[in-house]
Every structure is written in structure tokens, then in C-alpha cells.
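Order of writing sets the labels: A, B and C. Residues in every chain begin at 1.
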Amino acid sequence: MSQKTPIRQAAGVALALAALAAGFGAATTADAGPTVDSIKQRGVIRVGVGSQPGFFAPDANGKWQGFFIDFGRALAVTVFNDPDKVEFTNTSPQQRLPALQAGQFDVLLSGVTETIVRSFKLNFNFGPVVFYDGQGILVKKSIGVTKASDLDGATIGVQSGTTGELNIADFFKKAGKTYKPVVIEDTNAFSQALLSGRADALTQDASDLGLRRAAFPNPDDYVLLPERLSKEPLAPAIRWGDDLWLQIVNWTVYAAIQAEEWGITSQNIDTFLNSEDPAIKRFLGVDPSLGEAIGLDPKFAYNIVKKVGNYGEIFERNLGKSTKIGFDRGLNRLWTQGGLLYSPPFR
Amino acid sequence: MTDASALPPPAGETRLAALARWWGPHPLAQAIGLAAAAAALALLASNVLTSMARVGMEPSLDYLTQPANFDISESLIVYRAGDSYARAILVGLLNTLKLAISGCALATILGVSLGLLRSAGNPLLARLVDAYVEVARNTPLVLQLFFWIALTRTLPPVRQALEPLPHAYLSVRGVYLPWLTVEGGAIWPALAFLALLAWGVHRVRRRLGRPLSLTEWGLAAAAAILVPAGWIAADGVRFAASLPQLKGFNIVGGVSLTPEFAAMLVGLSVYYAATIAEIVRSGLQSVTRGQWEAGRALGLRRTRILQLVVLPQAMRVITPLMTSTWLDLTKDTTLGVLIGFTEVTAVIKTSANNTGNAVETILVLVVVFLAISLPVSAAINAYNRRLARRGLVTS
Amino acid sequence: MTILLEGAPLAPPKREALRRTIADLFSSPFNAIVTVIVAGLIAAGLWAFLRWAILDAAWSGGAEACRAHSGACWPFVRANAQLMVFGVYPQDLLWRPALSLALMAGLIVASMIPRFWSLSLALGWVAVPAAVCLLLSGALVGPRVSTNEWGGLPLTLLVWMIAFAGAFVVATPLALARRSDMGGLRTAAVAVIELVRGVPMLVALYVSRFIVPMTAPGVEVNLFVSVETALILFVASYLAEIIRAGLQALPRGQAEAAAALGLGYWRTMQLVLLPQALRAVIPALVNLGIGVLLSTPLVAVIGMTDFLSAVREAASHEQDWPGCFTTAYFVAGLAFFSICFVASRYSRWLERHIRADGHA
């Protein structure tokens, strides 16, 4: 007469639950090396992003929008031909690199600066630069500062975990001047430091500061100083030792750039399907030989442009003159227009 | 049972028996179970090493001696970008301790006052304290800290700083107070002498078993004045008043609290004061009415009953709870990360980010906190065991 | 000021009570002054709150209306309600988190009624979180939604519920082991409990985010799962001590009586000691539950969009809604306060109820 006791029943249920959780949370990969295999098995790309409207932020309906978000969607199009098979996770600059290392993202699109230490010592690989930037300093006009070296003895807000935190220390050391740092991790609290007067200035990628300034209640009271303290090439970052994934990231970005060079947009792309140019035929997969040769969907570039847009469209939609942000393309023009964007040939 | 066999043979017999008794029933099953658990832990550790190797990382603590090229907002010791990571972490640890110690002191003062005010006989005041306790204890501490830091951000900018007292300033950059600086020599030997003297006088008084005479007090006072004064003169110590004043972009001079530190201090104190007020209340309630009546029968006044009869008994309930509250407060100093107070966690995370040694740096953090909390926790357990042995508490 | 320390006298009739309260308020000149000052403070506080929340608040319109008013910005709450409550969960599937919320709320309410305390309720604490996980992930019906997109209030409640329910499964054996007469087992239990209690929750979360995923090479450990693992262990180390206190408080006679009936160790624990021990520590359990719920916003630090961080996210959209932090924090605080206040009142009621029943 084995009457089931409550404890034994509870233990049985707990075991079942643990098994469920294990099955639910852990997807064993056959060969854990290539990120692409795990992405395909999972059915979704995991992307680490930041929180800064214009670059990356959920809108009032909880849908992620922004410049870097669109590159995440482009990656999902390359792998799955579906711009929604991607999930974005907000991660602070201070945590993003260790989290990528621990395997929590497939790619970081959070505006990571490519540096040699991050490449060799921290063992990350970088895709093509998607945004050329430089470190700027944002100050309140009324303090009457016109150049960075005027800030001797000032209180400067820096964001922890960024190259900006290291550059500003270098800058003041080199200039032989002093400053008081206010180190802030939370991206939302960063703007508040300047608005409230806690800091005299903020230093960070100029684009980031521009986005913040655009969001200020009185943007005209603040000015971005003319100097750039550093070069900040922002690129997708992935874990070391994953060549196939790196190639996919590379050529997804290049496809968006190449499309703009040829003037192919999401609106007019179908008219190009009849193009006689063999290069465009290969690019759009009308001639499937290229795609078959590289093992991707022959129409991946077509799909990216059709579903997400070319580089120029992505820029204009999220950051351009038609938006509240109103950025100039600057260095982020095509090489044909005096910028730095340059795609290797699709052949 | 390898431990037992490793013991020396002479005293072995009895010690072995004692150990066997302590080890208890099912000796083999226990040993196998523990060994299995240890093996599982070892497996997990080796898995971590494998995972690290896969992304090209090698475990190492070498980074501790390498230069840390970032600045830290506030520091008790001299620190500049380019000093070693070890020093940067020490700066963070000292900030943590500064916050923990001042937080515990302030929370205790506030909490005990509130606990007593609540029992002070004015119903309206008691309700107000109740409301405070409910709000503080039923909203997330994180949210309260966000509130306090937002409040400091509404203070006037540094050029329009409030001056509530002469030479004391309050602005969005923090609180600035005048301070006495010591130059030209070291003051600590004089302070150490004073502490030693106070301890000596206390010992002598206990040994004698009577109050000290006027002459004896005079001698002690003379020593307390002359010796430090002599030292100060001999060592060339000079005192100077340092007054805060607006200079360039900031107020400089004096002693200052950053708004981030102030928000943490106020936030932790306000939150834990509510907990401590509850502890004081339950401690006082744990003493039965009979004790009060007995005291009254002896003709003691209320304050004397409180002091001689009630508090010593209430302290048995209060002491362990209070200690673990202090420990909780210390652990919650890590929330400084959320509002920009640079304590040890923040420094360690920045180090992890810049060196790539995430696993090692986080383990350093774990060790730091265990080093603080295990001794305190052991002390509480010992205290409870002592009370239990004396039969003063049931659990 | 004198200090009243006697226990509360038996409640006098209402009118008498009122008279006595008024008498206490003005029992001495000093007391009268205190009363007046405190009353003034309370009135000023209430008035300031009233002005902020109602009189000076913007009730309709958009961001412009809010800029024109110095008080709360209620249109902001309406416009961002979805983001605040459900986080970044896909918009066309909102029925899932809504249903989850209802399921979890139902379970919590049911758990508060002593009449329902039974095995099936315990099973409910296993079934409901499991059902919510399946529902939110889309494992049963419809498109899959990754754990990273779960958010808002349902996520906060789910994180809390799994941590608390899971902690019971871990804490009970830990508490028994700590009271065991087997030295090795006891030492191991003490080590686990003290080591886990010794680190701050934030540090435990860092371990779960950066180290736990590395313990299984070749396996992708989901952030939600590793966070819950850490939280279960963390809560269990506190819960084990509460259960131990409950066991310690039982008179020895209980165990001896069970032994005299010929019950073995497990039977004794399960039928005699554990039920009584748990009953005795219910107030402490509710307090721990409140404490854990109030700590859940920390999961935002490692990238989960819980309720508080969804609220902060909404408030950070400064282009659209500048300066709405106060309103946002107020809403979040009010939500947490209402849940926890009800729970703590309930705990007090229950304490009296149990005492009146004669169980203890």
C-alpha cells in the first residue's frame, strides 16, 4: 500500500520542472564552435545593443528601432530572410564585452569602438565599421568654454566601460591639466549629469552626444566642442574564433553599402531586377551563381535592401535630416562622395 | 574518513571516537556524497576553464599589477589614472567601507530614535513613524536610491550654491564644509596616545574598584594635554583651516561629500532605519510586562527600569538582528553601481571590461565580500549559541 | 517625553477609544506641541502631494501639456502603459503576458486564503510558473518569443515566483541537513548557506551572468535560466535559515511522540515536524517574499527588462516626454507598495488568525 506522500509527489514535480527548465533554457549544439550553427538551431540571432533613441531604443510599443537595430535586422535577413528573427538585449557599456565573451550574444551592435587591445588582448573580432565617429565634449554654452583645454579643473561626466573613459584620462594627462571625473554606468543617468549641472561637460562619442543633445529640453543651450579627442570607429563585435560568422557579418554590412553605391533602394529595387549589368545581376541573385558559390541564399543582398534598406536609407531613416536628430553624414558618406564607406566587390 | 586517520595515533583513540561521533551515522554514504559534490564542483570549474580557452582567454591575476588607465570619481587615498588595478580596487574597497561604516552609524541612530519615538506616547507621532516604516519597507530600495539621486540633481548649480551656514555650501556637486588640515607632520601618534590613555584610565578605575580622586584625574588630564602638545611641537605639526570656495569650475578646499555618496548614505540609512526601528520595537516588546512591574515594585523610575531591567534583556533579541542588518546594509552598498557611486563592485566591473579577465575579477569580488561577511556571521552564531547555552533564548 | 512600553490593552469600545486617543494627543503641554507640529507636517505633506498629483497635474494632451503643468504628467502614463507593463514583448501577442499576469495574480490570491492550503495549492506553485513560461515562450501555441523579450510586470512576478517556489525545493533539504546529526552533511549545508548568504545579490547576479554560462561548454545557457538558478540558490540560503528556526522552535515532545508512534525520520519530518515548523514561520516567510519581490529590480542590472526598468525606459524617451521621471517612479513605487503593503498587512492578520486557531 504505497500511498504517495506529499513530499515525494512534490519532489517528483520538482524534478520534472527542473528537466523542463533544462530543456527550455539549454539548447545543446552538436559542435558548439560555430556561432552560425547555434543561431540556426535557435532560430534567432541574439544581439547586444545599448539604449539611445536614434541608435537603439524600444518605441512606445516595445519594438526596437534605430540605426544599429537595422543592421541587426539585416543580419537576420541574411541568415533567415526574416528581419524579425533577431532579439535585442540592452546591455550597459560596462557589461557588454564580458557578456559577449560569456556567450550571451552572437554579436554586439552597441556602438563598440574597434581597438587593438579589444582585438588581441580581449580576443574580439570586428566586422566592417558601420559608423565613423570621434570622441567629443558636450558643454553648456553659458560656461563660456570654446575648446577642450579650457576645461582645466572642470567636472566631466564619463561613461564607465567606454573608450571615452580611457581617452579623457589620456587627454588631460597629455595636456598636463586636471579634471574631476563623474563616472556613470547608467546610460539614462548620463545626460542628467550635464542637465542638472552635476558635471560641466560630458565626454563620449560625438554621435552619442549629438543624440543626447537632440533629446535635451533646450538643445540650443548646449554645444559640442569642435575637437575630436580620438577616432571612434564603431563596428559589430563578435567572439574570437568564428570565421564563418565574421564573413556573414562583413558581407551583410557591405551589401547595404554596395546597394547605396549603385543607387538601389528598397523602393526601386525591383526595377533593377531587369538590369543588364552582370554585377548587379549577381548582387541581386538574378544570376544565382554567386550565392551558390558562397553558400548563402543567392538573393540575400536583394532581401536585405528590400526588407531593411541600403546604408543611406538606414542612416536617413534613423539619424538623417528628416528626423529630429538631423545628423550630417560626415565621414559616413560613400567613398565616391568623399566619405569612408567602401565595399569590396561582390564577385 | 581520511581526515580521522590523518590524526596522530597517541591521542588518536579518543579524538577518533569524538570525530566519529561528530561525523555521525552513515559515515560512508556521507563521505561518498561529499566527494561526489566536490567532484561536481571541480568539473564545473574545469568547464569554466575550457570555455575560457575556447574564446582565447587564460585565467590570470597578472592584471592586478598592470596600470589602470581610468579615473575614479572619489578616493580616500591618492589615485591617478595609470596606477595599478590593485590600487584601483583598493580605492573602491575603501569607498565601500566608508559608505558601509557611516551608513550603519547613521541608520542605527535614526532607527533607534524612530523606534523610541514610536513608543513615546503620542499617537499621531506613532502613526507618522508607522507610515514612514511602511513606505520605506514596502518599496524597492533601488527605487528609493533612484529617488534620492534624482533629488540631489535638483539642487542649485555650483555657482548658485546654497550657503546655509557660513562657509558651508550645498550644490548639485555635493556638500562642502570647512575642515582642519594637518601639515608638516603626522598627527596620528598623538591620537594613538590619547586612545591608549583613555583605555589605561578605564582599566585603573576598574582595578581600584572606586571612583578616581581629583588628583588622579588631574594627572590624567595633564598627560592628555601635555604629551600630544609636546609631540605636535616636536614634530612640527601645523594646523590650518581649509575653507571651501568657488574657484574655476568647482568649489575647492574644505571637506566634501559627493552627491552620489550622499544619496547612497541617505538612501541606505532611511531604508535600514525603518528595519532597525522595527527591531527595536520587537526587542522592547519581547520583555514581558512582569519585568516592568517588578522594577516598579522595587521603586525604580521608568528610565531606570528601562536602563537596568528592560534594555539588557531586549538587547538579547536586538543584538543579533541588528548585526545582521548591518551586514545587509554593507552588502547593499553594491547598489552604488546603479547611481554612480564608485564602490568596489564598480571598479571591479570596469577592470573586467578593460582587461577581459571577467571570471577572475568577479571571483575577487566574491572573496572580498566573503571576507567581510563570514566573520560577522560567525560572531552572530557564536553569540546566539552562548545565549542558548545559558538558556536565555529558546532558538 | 515618557516612554510607554506596556503591551496594547484590550480594545475598548470605539467612542471610548477615540476619547482616549484624543486625551493621549494632548496629555501634557509638551505632547500637545508635538501633536500640533506633527499634524502640521502631515497636512503640509498631504497638501504638497495633492497639488502634485491632482491640482497641478496634466490630465490630458501631450508632452506640451505636461511642460505647462508643474505636477504629475498622467498622459505620459497612458501613452506608455504598454511599454511599462509589458516591456518589449511583441505587440501582437500581448494577450500572452496579460493572461500570465492573471494566472499569477490568481495563484497569489488563492495562496492567501488558509482554506485553500493543501497539496494542490503547492502543485499550483509548480504548475503556474511552468504554464507561464510555456505561454510566454510560445512553446504551446503560436510564434516563439525569446526570454530576452519578456518584460515588465509579468517578468517581475515570474522571476519572483520561480525564485521563491524553487527556493523551497532547495531550502528544505538544506535546513534538514543543517539540523542533521551527520557532521559531514551538516558542515556542507552550513558552508553552502553561509557562502551564498555572504555575497550581495548583485554579485550573485554577476556570477550568474558571466560565470554560470561558462560552466557548460557547448551548451547555450539562457540568461533567464542562469539568473533564476542564482536567485533560487540565493533565496534558498535565507529560506533555509527560516525553516531551521521553525524546526528549532518546536518542542522536543513532537519528535519524541512521532518516534513513539514508530514513524521513521522522513515520515516524522513530513507529517509532524515540517508542517508545524512552516506554520510557525509564516510571517517570516511572507517577509522574505516581500524582500525578494523588492529585490527583483536588480535583475535589470544584467539586462532583463523587468517592471522598474521598463518604467525607466519609458521615462528616458526625453524627446517625446521630457522630465517624466518623477511620474514614472511614482507609478512604479505605487505598484510595488500596493502589492507589498497588502502582503505585510495580510501577514499580520494571518499571525493573529493562526494564534487564534491555536496552531503555533
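By definition in this document, a contact is a pair of C-beta atoms (placed from the backbone, for glycine too) under 8 Å apart; a residue touches a chain by one contact, two chains touch by 3 or more.
These numbers were taken from a predicted model, which means no experiment stands behind them.
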| item | value |
| --- | --- |
| Contact graph of the chains (line, ring, star, complete, other) | complete |
| Chain pair showing more contacts of the two, B-C and A-B | B-C |
| Chain with minimal offset from the mean of all protein Cα atoms | C |
| Chain A and chain C: spacing of chain centres that average the CA atoms, whole Å | 36 |
| Inter-centroid spacing, chain C versus chain B (mean Cα positions, whole Å) | 26 |
| Between chain B and chain A, distance of the C-alpha-averaged centres to the nearest whole Å | 41 |
| Per-residue overlap in chain B, given as positions that touch at least 2 other chains | 51, 54, 150, 337-338, 349, 352, 358 |
| Overlap residues in chain A, where contacts from two or more other chains coincide | 32, 95, 98, 101-103 |
| For chain C, residues contacting two or more additional chains | 210-211, 213-214, 216-217, 312 |
| Touching residues on chain B, where the partner in the complex is chain C | 19, 22-27, 30-31, 33-34, 37, 44, 47-48, 50-52, 54, 116, 119-125, 128, 134-135, 137-143, 146-147, 150, 284-285, 287, 289, 292, 302, 306, 310, 331-332, 334-335, 337-338, 345, 349, 352, 358-359, 362-363, 365-366, 369-370, 372-374, 377, 394-395 |
| Chain C-touching residues of chain A, taken from the complex the two chains share | 5-7, 9-11, 13-14, 17, 20-22, 24-29, 31-32, 38, 42-44, 46, 51, 53, 57-58, 60-64, 87-92, 95, 98-99, 101-104, 188, 191, 214-217, 324 |
| Contacting residues of chain C [partner chain A, same complex] | 79-80, 82-83, 86-91, 119, 122-123, 126, 130, 133, 137, 139, 144, 146-149, 151, 169, 209-211, 213-214, 216-226, 228, 266-267, 269-270, 302-303, 305, 312-320, 322-323 |
| For the chain B and chain A complex, residues of the former touching the latter | 51, 54-57, 69-73, 81-82, 149-150, 152-158, 171-173, 247-250, 252, 259-260, 337-340, 342, 346, 349-350, 352-356, 358 |
| For the chain A and chain B complex, residues of the former touching the latter | 32-33, 93-95, 97-98, 101-103, 121-123, 143, 151-155, 158, 160-161, 165-166, 168-170, 173, 179-186, 189, 192-193, 195-198, 200, 239-241 |
